[in-house]
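What follows is a structure written as C-alpha cells; I'll ask about it next.
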Amino acid sequence: MTGYFALLVFGLTALGLGAGLLLLNRLIAPRIKDPMEGYTYECGVPLYDKTSHLSLEQKYYLLGLLLVLFDLEAAFVLPWAAIFRDIAQISPGFIFTEMFIFLFILILGYIYAWKKGALKWQ
Amino acid sequence: MAVKVKYVERPQLTNRERILFIDFIKGMGITIKNFFRKTITTAYPFEKLTPPIRFRGTHAHRVKDGKEPPSFKVLERFMDIQEGESRCVGCYMCQQACPVPELFNIQTTQTEDGKKKVIRFDMNLLNCMYCGLCTEACPVDCLIMTDIYETASYHRAGTVIHMEDMTKRAVDFDTRRGNEPDRIWIDDEQRSKLWGQIKWS
Amino acid sequence: MDLLGTAIFLAIKSLIFIMGMFLGAAYLTLLERKFAGHVQQRPGPLHVGPHGFLQPIADALKVLTKEDLVPDNVDKVLFYLASLMAFVPAIMILAVVPFGEPFTIFGIEIQPYISDLNVGLLLALAFGSISIYGVIFAGWASNSKYPMIGGLRKAAVLIGYEVALGFALAGPIMMAGSFSLREIVEAQQGMWFIIPNILAFVVVVFCVLAETGRTPFDVQEAEAELVGGYVTEYTGMKFGLFPLAEWYIATFVLSAITVILFFGGWQPLPLLGWLPIPEFLWFFIKVFLLFMFFLWVHWTLPRYRVDQITEMAWKVMLPLALANILIVAVWIIIFG
Amino acid sequence: MVPYEYYVALSGLLMVLGLIGVAIRRNIIALLISTELMLNAVNIAFVAFDMKLGEVAGQVFVFFILTIAAAEAAIGLGLIMAIYRLRKDVDTETLTELKQ
Amino acid sequence: MQLWISQGEVESIKGKFPDILEERGDNFTSILINKKQLIELLTYLKEQLNYKMFIDFFCIDYPLHTPRFQGVYLLFNPEKKRRVAVKCWAEDNSLPSVINLWKGAKWSEREAWDMFGVRFEGHKNLVRMFLWEGYQYHPLRKDFPLEGYKDTYLPSLNLKEGETPAHNYDPYHTPLPSMEDLERTEKARIKKKNQIVLNWGPLHPGTHGTIWFLFDMEGEVVQECDIILGQLHRGVEKIAENITYTQFIPYTDRMDYISALCSQVAYVNTVEKLLGVEPPEKAKWIRTMMCELQRINSHLLWLGTYALDLGALTIFLYTFREREKIMDIIEGIAGIRLNSTYIRIGGVAKDLPEGALDVISHFVKDFPEKLKEYETILTKNRVWLKRNVNLGVITEEDVYSYGLTGVVARASGVPYDIRAIQPTDAYDKVDFEIPLGKVGDCYDRYLVRIEEMKQSVEIVKQCVNKLKDMKDDKYISTENPYVLPTLEEVFNSIEAMVKDFNLRIYGEQAPEGEIYLSGENPRGELGFYINSKGEGKPYRLRIRSGAFYNLQVFTELIKGKTVADAVVLLGSLDPVVGETDR
Amino acid sequence: MELNATGFWVFSSLAVLSAIGVVFFRNIIYAVLSLISTLIMVSGLFFTMGAELIGALQILIYAVAIVVFYVLVISTVPEFKGQAFETKYMLISVPVGFLIFLELAFVSLYGAWSSNTGIFTQELIQQVGNTKAVATLLFTKYLFPFEVASLILLVAMIGAIVIGRKDHVIDEEAEK
Amino acid sequence: MAIKHNNGIILTTVEEVLSWGRRNSLWPASVGLACCAIEMMHTAASRFDTDRLGIIFRGSPRQSDVLIVAGTVVNKVAPMLKLIYDQMPDPKWVISMGGCASAGGPFPTYATLQGVDRIIPVDVYVPGCPPTPQALLWGILELQKKIKAKKEGKVWEEIPIKEVPTASQPIKTKSPFGF
C-alpha cells in the first residue's frame, strides 16, 4: 500500500511543483498590455472565420472506436500474459488456445475494420 | 548543339531494404559520419571571417595621399583639397550612378579663390543596396567600398555616414589591406574550416 | 501522525526525484542541442558558460520571466490545466521506474525508486496515455486553428501507438510473468528479453518516437505546417512545460522503461560485468545510449504525414505486436 | 480497514448522481457520460463485495463491465455520428427528439 | 535562331483575319487585332497553329492614345519552338478574359486589373492581385508617381520630437491598409463553404516567403484554396521605368534573390540584344559558369528547405554548408554574398580574381560527394517516398495551360528549357543533358532538380576548363558605345570619362523597339519584355516570372489534399516571393 | 489501516464532488474533465481496496481510452446550444435513484452474494498477489464469459462501424 | 519587470541574473520576408550558428523574445507585422535587419513601408543589403548590450555606441558566464 501512497504523494508533489511554476511565472513576469496581444495567432493576419473547432469528423470517431476496442483487448491480453508462464507449465495448450481464440475473434473484427477502410485515416 | 534529354530514374525500395531498415540505417550512417567531422563554425565575436578584398561593405573616401590616378590630377586644379583630406571633387557622379540617388547628400561651396570644396557628403546607408555602381562611377578613385560591415546602430541617424568617418575608414582600409593582391580571398584558418585544403595553382 | 511523517518523507524524496528530473531534463536539452549541433558540423551552445553549460539555466530563467499571456478567446481554466495535464502524467511515469535494487549506505537502506508496484508497467502505460489529454485540451482550449489541428493530430498519433504499445508489452510480461518492473529486470538474469522479443522492441521504439513526438512522427508541431502545433498560443512557463514534458522527460522515462523491458535494466552490459560500476550507473549508461539513439533518429529522418502514421500504427505495428505475442508464447512453451 | 458498507454507500451515491445526470441532461453526450458514472458505481460495489468476501470474482466482473462500457460508448457515439450525418448538425432539439 | 512566328503562318492568319496588323522585328513579332476578334484569333492560334503554351499577358499604358491600354499576349508553340505576341487595344478599358483558353491567364489578368485598372469580361473573380481591396490607385499607370501619394502622417516611433534622422527622411507616408482592409481582401478571394477557413501564411515558416494561402478546409483536407500575393510587392516594374538600364541591374537581384546571378544574366542579355552589344567571349563563359553555380546554389536552398518542410532537419544545414561555399565563391568574385550585382551590360563587372578557378574546381570536385550524401539520406528513404510519390501530378496539358516552365514543366516530361531553345552566352558551346521526369509528381521534381545539379556541375567543369585558357582576355567590351568604361579607363583617359558621364547621366539611349527575351532561371523561364522609346530608360519593362506562373497550379494541386501535403506541393513548386510579387 | 481509511475519505469525497461536476457542469468539456477526475478517484478507491489490477486498468481503459473517445467526439462537435438542463426530471430522478440506492444497500447488507465463493481464498490471494489471482480466475473459471466478451467487442466494432461510417467515403476505399 | 526598481542589493542581483538569462536566450521569431531572410537563415546555419549564443528560431511569436524583421516590409504586410509584434509576450525586442526593414532600403516606392520603425519600435538597426551573417550577429550583440544597459536603468541614448570607423578585432577573452 505504501507504494501507492508514495505514488500519490509523488503525483501531488509534481502537480504542486508544476502549478507553482505557473504561479511563479504569473507573479514575476512583466505584464504590459499591447493593443492586440490577445488576438488569436494565425500567421499575423485577420481571422477569416473565428470558429476554430472542427465539426464532427468521422475519422476521429473511428479512431476513438478503435482505441477503445483494442485497448480493451489489450486489457485482456496483459493479465493473460502475466500468468502465461505459470499456467503454461501446467497446461500450455489450454492457455494458448484460449487466448488465441479470443484474439482470433478480434482479429476478425480487425480484418473487418481494415476491409471497410476504417483503419485508413483520411 | 543538339538538345539531349534524359529521363530520370525512379528508384524503388526493395523488400529486403524495407524489412531491414537499410534506408534508415544508411541515412543515419551519414549523420553520424558528420558527427565526427570537424565543425565548420566561425565563433563570430571571438573569431572573424576576413571578408575578401572585393567585399562591398561600408563606403569610404580615399584621401589625397599622392597615389591618386591621373584623372584626379586633372580635376584637382578646380578643387581646394589638402593633403589627408577626402579626394572627392564633388562631381556628383556617384549620385548620378546610384539607383537610389536620394541617399546621397552632397554639398559643395566655392572658396574665396574660386575653388570648389565639398563640405558635406552624407550617405544614408539604410537606403543603399551595396551594388557598387557609385564606386564604379567615381572618376577619381575616391569613393570605395571597404570591408567593414559592423555598422549596427541603435537609431537611424547612426547609420548615416559622414565624410570624416569615411576618410578614416579608407585610411584604415588601405593600411590594412591596401597591398593585398586581387585574390579571391585570404586562405586563412577560418576559411579552411569550411573548405579544407584547396590546391592553389 | 505516522502517516504525516511518511508523507513528508515521501514528499521530500519525490521532490528530490522531480528536481533531479528537472535538472536532468534541462541538461538533456543541452545534450540534444549539442548533439544536433555536432551532427550538423556546428558546436551548439558554446558561449553561455563554459561550452554552453549555463545555457539551460538561462533558457529556464528566460522562460520563467516571460509575460504570461492569455489570448482573448481561450478557455482560461483549460488553457492552464492543459499544460499541467501534459506535464504531470509524463513525470508520474518516473515514479514507477526503479533505478536499481535497494542498497545500503552507512546502514541506511536507500530505495532508488519512488514505488515498486505490482502493476507498475500497467500504470506506466496508463500515465503515458493520460498525457494525451494535455495535448487535446491544449489544442481545444487555445481556440485557434493551428493548435486545434496540431492537438488532434498528436492525439491521433498517440492513440494509434498506444494500442500497439499495449500489445508489444505483452511479450516481456509473458517472459517475466509479472507487471512489476523490478521483477522484469530480475527475470532477465540469464538473457535479455530482446532475444525473442525483437519485434516488440521494434514496435516499442516506434511507439516511443511517436509518443514523444520525434521525427519521423513529429507531426504535431511540424513547424513548416502548423507553426508551433498545439503550443502555438502558449507563452512563458505554460509553454515551457510542454516541450520539457514531451521531448525530454517523456523520452527519458520511456527510454528507461524500454531499457528495463528489453535490455536487462541495471544489469551490466555483457562481458563488462567485471567493471567496478554501480548498478544504477549501468542503467543510466543504457538509458543514455538509447536516448542518443532517439536523438540520432530525430535529427536524420524526414517526417511522415499524420494519416500515414496512424495507418502504419494500425496496419504494421499492431500486427507486429500480435505476431510477437505468438512468437513469445511458442518460445516459452518450447524453452520453458 | 474501511467497512465495505461505506464503499457500497459511495457506490449508491454515484449511482444516484449518474441517474440524475441521465434524467436532467439534455445533451446526448452528457447523457452517455452520466451512464458511465453509473457503471462506475457498479464497479465499486463489485470490488467492495470482493473485499468483504475475500474473493476476486467481483473483480473479474469489472472486466466485463469495462467491456460493456466500451461497447456502449462505441454504439452511443456511433448513434451521434449517424444523427449528425442525417441532420448535418448536432442540435439540442435533434437530440432531445431522440431521447423522447 | 529564329524564335518568332514564321511569315507563312502569319499569312495563313491573314487569310482568316484580314484586318490584323503585323509588326515584325528581330526580337519581337506581334499581331495587332481588334477586341472583337481577339478570342477568335487566340483560339485559332491555340488550336490550329498549335501555339498552345501560354507565356505571358501584360498591359502597356499609352496615356495619350485612346483607347489608353494595350494588352499583349505571348504564346509559344512547343513543337516548332516559336513565339508569337498578340496585341489588342483595350477599348472601354476592358478586354475579354482568356481564362477559358488558358488557365494560366487568371492571375496575369488580375494583375493587369490591379496595376492598370483594365477590366476583363468573363473573369470569375477579378480582385486585386498585389495590393489590397480598398486601394484606390492603379500604380503602373504612367500618371501615378513612383513614390505614391504620401498623405499619411507616420513618423518613426524611435524619434524624439522634432528630430530628423537623415536628410531623406519624410514623416509622411503612403497609406497603409487597416485590418479591415485586409479582412476584406481575404473575403473577396474565397467564399467559406466548408468547416473552417485557415490562413496559411504569410508570416509562416513553411510558406517560403510571404505567400498568403487561404484554405477552405473540411477537417484537415483542403477543399478550396486561393492565394493572396503582394506581400512582397515592391513595385519593381515601376522602378524600372524610372531608372536607367544599368541601374536596374541590382533590382533584378532582389527579385529572385536566391538566383540573383541568373536573373542578372537574363536581364542583361535582353538589354544587350536590344542595344546590340556583344559581350566578349570570356564574359560569356564567366556568366555561364556563375549562372550554373547560382543554379546549384538555388537548388540547394530548395533542397534544404524542402527537406526542412518534410522534417529532415539536418539536410537543411548540410545544404547550407555547401551553399556557404558557393556564397564564398560569389563573394570573392563579385563582392557580395547574395545580391551580387556582378553582371554588367557588355560583360561582367570585374575579371575573375586570382585563385577563383582553383576554388571553383575544388568545389565541383567536392560537391558530387556531398550530393550523394543527401541522396543517401533522402532518395530511397521510405518516409521520403511516402510523402512524395504520386503527389501533385502535373500533366502535360496543365503545363501548357498554366504556362508552367522550368523544373515543373520538365518533371512532367516537357523538354522546355530556354538554355536549349534559345541559347544565350555559352550555353550553345557546353555539353549538358536536360533531365526529364515521366510522372510529373513531387518525387519527379525532386529527382529532376537533383539531376540538374549534377548537370550544372558538369557545365561548371567545362567552363572552368575553358576559362583556364582565357586568362588575359577582355571581360567587358568597353569599345561599344553603350558599355560603361572600366575604372582604369576612366582614370586614364578623358574620353572614357566623358563617355562614363554621359552614360551615367542620360542612360543607355536604346533604339526604339520592343524585345522579349528570357533566361532559364532555376525557377522557370524568367522573361523580360522591354519597350523602348529611345530614351535612357525603358518605357515599359515587364518581367515574366517563372514562379508567378508555376505557383498558380498550386490551387489546383492542393484540392483534396491535407495541409501536410501543402508544404510538399509548395516546396516542389519552389516559388520565390520576390519574383512572384516583383 | 489508517492509510486506507484516509485514502477512502479523500478519494470518495473527491469522487463525489467530481461526479457532481459531471452532472451539473453546463460546459460539456468540463463535465468530461470531471469525469476523468471521478474515474481516477474511483481507481484510487480500488487501490485502497487492494484491487490493483482493476485499479490500473480503470485508468488505462476507462480514464484514457473511453474518455478519450468522448473527448475526441466532443472536441470535434460544434458547441451545443440551448438549455443544458431539464430540471423537471430532477424531481423524478431523485426518488428513483434513492430507491435504487436502498435496494443496493439491502442486497449488500443481507449478503446476497455470500453464496458465491470462488476457488480463491483470502490466503491464496495474499500469496499469489491480486493480479495473478484475478487473471487466473478470469482465464479459468470465467473462461466462457471471457470469450463472449470478445464476441461483444467484435459485434460492437462491426455495429459501430456500420452505424458511424460515412458510406460513400469508406466504400470507395473498400473497392480499391 | 514586476519587481520595482530598488536599490537593494538583492533585487539588483536578481535583476542582473534575470537580465543575464534574457540576453543569453534570445529566441527570435522567424519572420522572413525577403532576401535578408536568406542571410538570416545562413546566420542560423552551421557556418555562423546562432545556437552558440543561445539563439534558436521559433515559429510562433508567442514564444519568442526578439523579432528580427528580415526583409522588405511592404505596406500590405505592415499591419500583420504589427499584429505579430503585439502578440509577442513581453519583454520583447526588435531588430530591423537590412535597409528595407530599417528605412525602405532601395525601394522608395508606393508599395514599401519606409522603415519598420514607423509601426513598431526598433531596438537595433542593422544596415546592409543584405547584412552578412556577421553583421547580423554584431547587431544581436549590440542588442545584448542594450538589454544589459537597461538592467542598469539606462535608456538607449546613454549606451555608448561603438562607432565603427575602422574594423574591429575579434574578442580575445571569453567571459565564463556568457554575454
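Per-chain residue numbering starts at 1, and chain names A, B, C, D, E, F and G are given in the order in which the chains are listed.
As a convention for this text, contacts are C-beta pairs under 8 Å (C-beta built on N, C-alpha and C of every residue); 3 or more make two chains touch, one makes a residue touch a chain.
Keep in mind the model is a prediction, meaning the values are calculated, not measured.
Peer 1: If you tally contacting C-beta pairs, which comes out ahead, B-G or A-E? Let me know.
Peer 2: B-G
Peer 1: Farthest chain from chain D, going by mean C-alpha coordinates, please.
Peer 2: Chain B.
Peer 1: Which integer distance in Å separates the CA centroid of chain B from that of chain C?
Peer 2: For chain B versus chain C, the centre distance works out to 50 Å.
Peer 1: Which integer distance in Å separates the CA centroid of chain C from that of chain D?
Peer 2: 33
Peer 1: In whole angstrom, how far does the Cα centroid of chain B sit from the Cα centroid of chain E?
Peer 2: Roughly 26 Å separates the two chain centres.
Peer 1: So what's the Cα centroid distance for chain D and chain G, whole Å?
Peer 2: Between these chains, centre-to-centre, one finds 57 Å.
Peer 1: Which residues of chain C are in contact with two or more other chains?
Peer 2: 37, 39-43, 46-47, 63, 65-69, 117, 122-123, 140, 145, 149, 152, 159, 162, 166, 178-179, 223, 227, 232-233, 236, 299-301, 306-307
Peer 1: For chain D, what residues touch not just one other chain but two or more?
Peer 2: In chain D, the residues touching two or more other chains are 63, 66-67, 70, 73-74, 77-78, 80-81, 84, 90.
Peer 1: Scan chain B for residues touching two or more other chains and write them down.
Peer 2: Where chain B meets two or more other chains at a single residue, that happens at 24, 27, 30-31, 34, 39-41, 43, 46, 51, 99, 102, 124, 126-127, 129-130, 155-156, 159, 194.
Peer 1: What are the touching chain pairs in this one?
Peer 2: A-C, A-D, A-E, A-F, A-G, B-C, B-E, B-G, C-E, C-F, C-G, D-F, E-G
Peer 1: Show which residues of chain C lie in contact with chain A when the two form their complex.
Peer 2: Going by the criterion above, the answer is residues 6-7, 10-11, 13-15, 17-18, 63-73, 80, 83-84, 87-88, 91-92, 94-96, 114-117, 122-123, 140, 142-146, 148-149, 152, 156, 159-160, 162-163, 166-167, 169-171, 173-179, 227, 232-233, 236-238, 240-241, 306-307, 310-311, 314-315, 318, 322, 325-326, 329, 332-333, 336.
Peer 1: Which stretch or stretches of chain G touch chain E in the complex?
Peer 2: It comes out as residues 30-35, 37-39, 41-42, 45-47, 59, 71-72, 74-81, 83-84, 103, 106-115, 117-122, 129-130, 132.
Peer 1: Within their complex, state which residues of chain G touch chain A.
Peer 2: 1-3, 60-62, 80-87, 89-91
Peer 1: For chain B, which residues count as touching chain E in their complex?
Peer 2: Where chain B meets chain E, its residues are 1, 3-11, 13, 17-18, 23-24, 26-27, 29-31, 34, 40, 51-56, 69-72, 74, 93, 96-99, 102-103, 105, 122, 124, 126-127, 129-133, 136-137, 139-141, 145, 155-157, 159-160, 181-185, 191, 194-196, 198-201.
Peer 1: Which residues of chain E touch chain G in their complex?
Peer 2: 130-132, 137, 139, 144-149, 154-158, 166, 169-170, 173-179, 182, 202-205, 209-210, 230-235, 238-239, 250-251, 253-254, 257-258, 301, 316-317, 320-321, 323-324, 327, 337-339, 577-578
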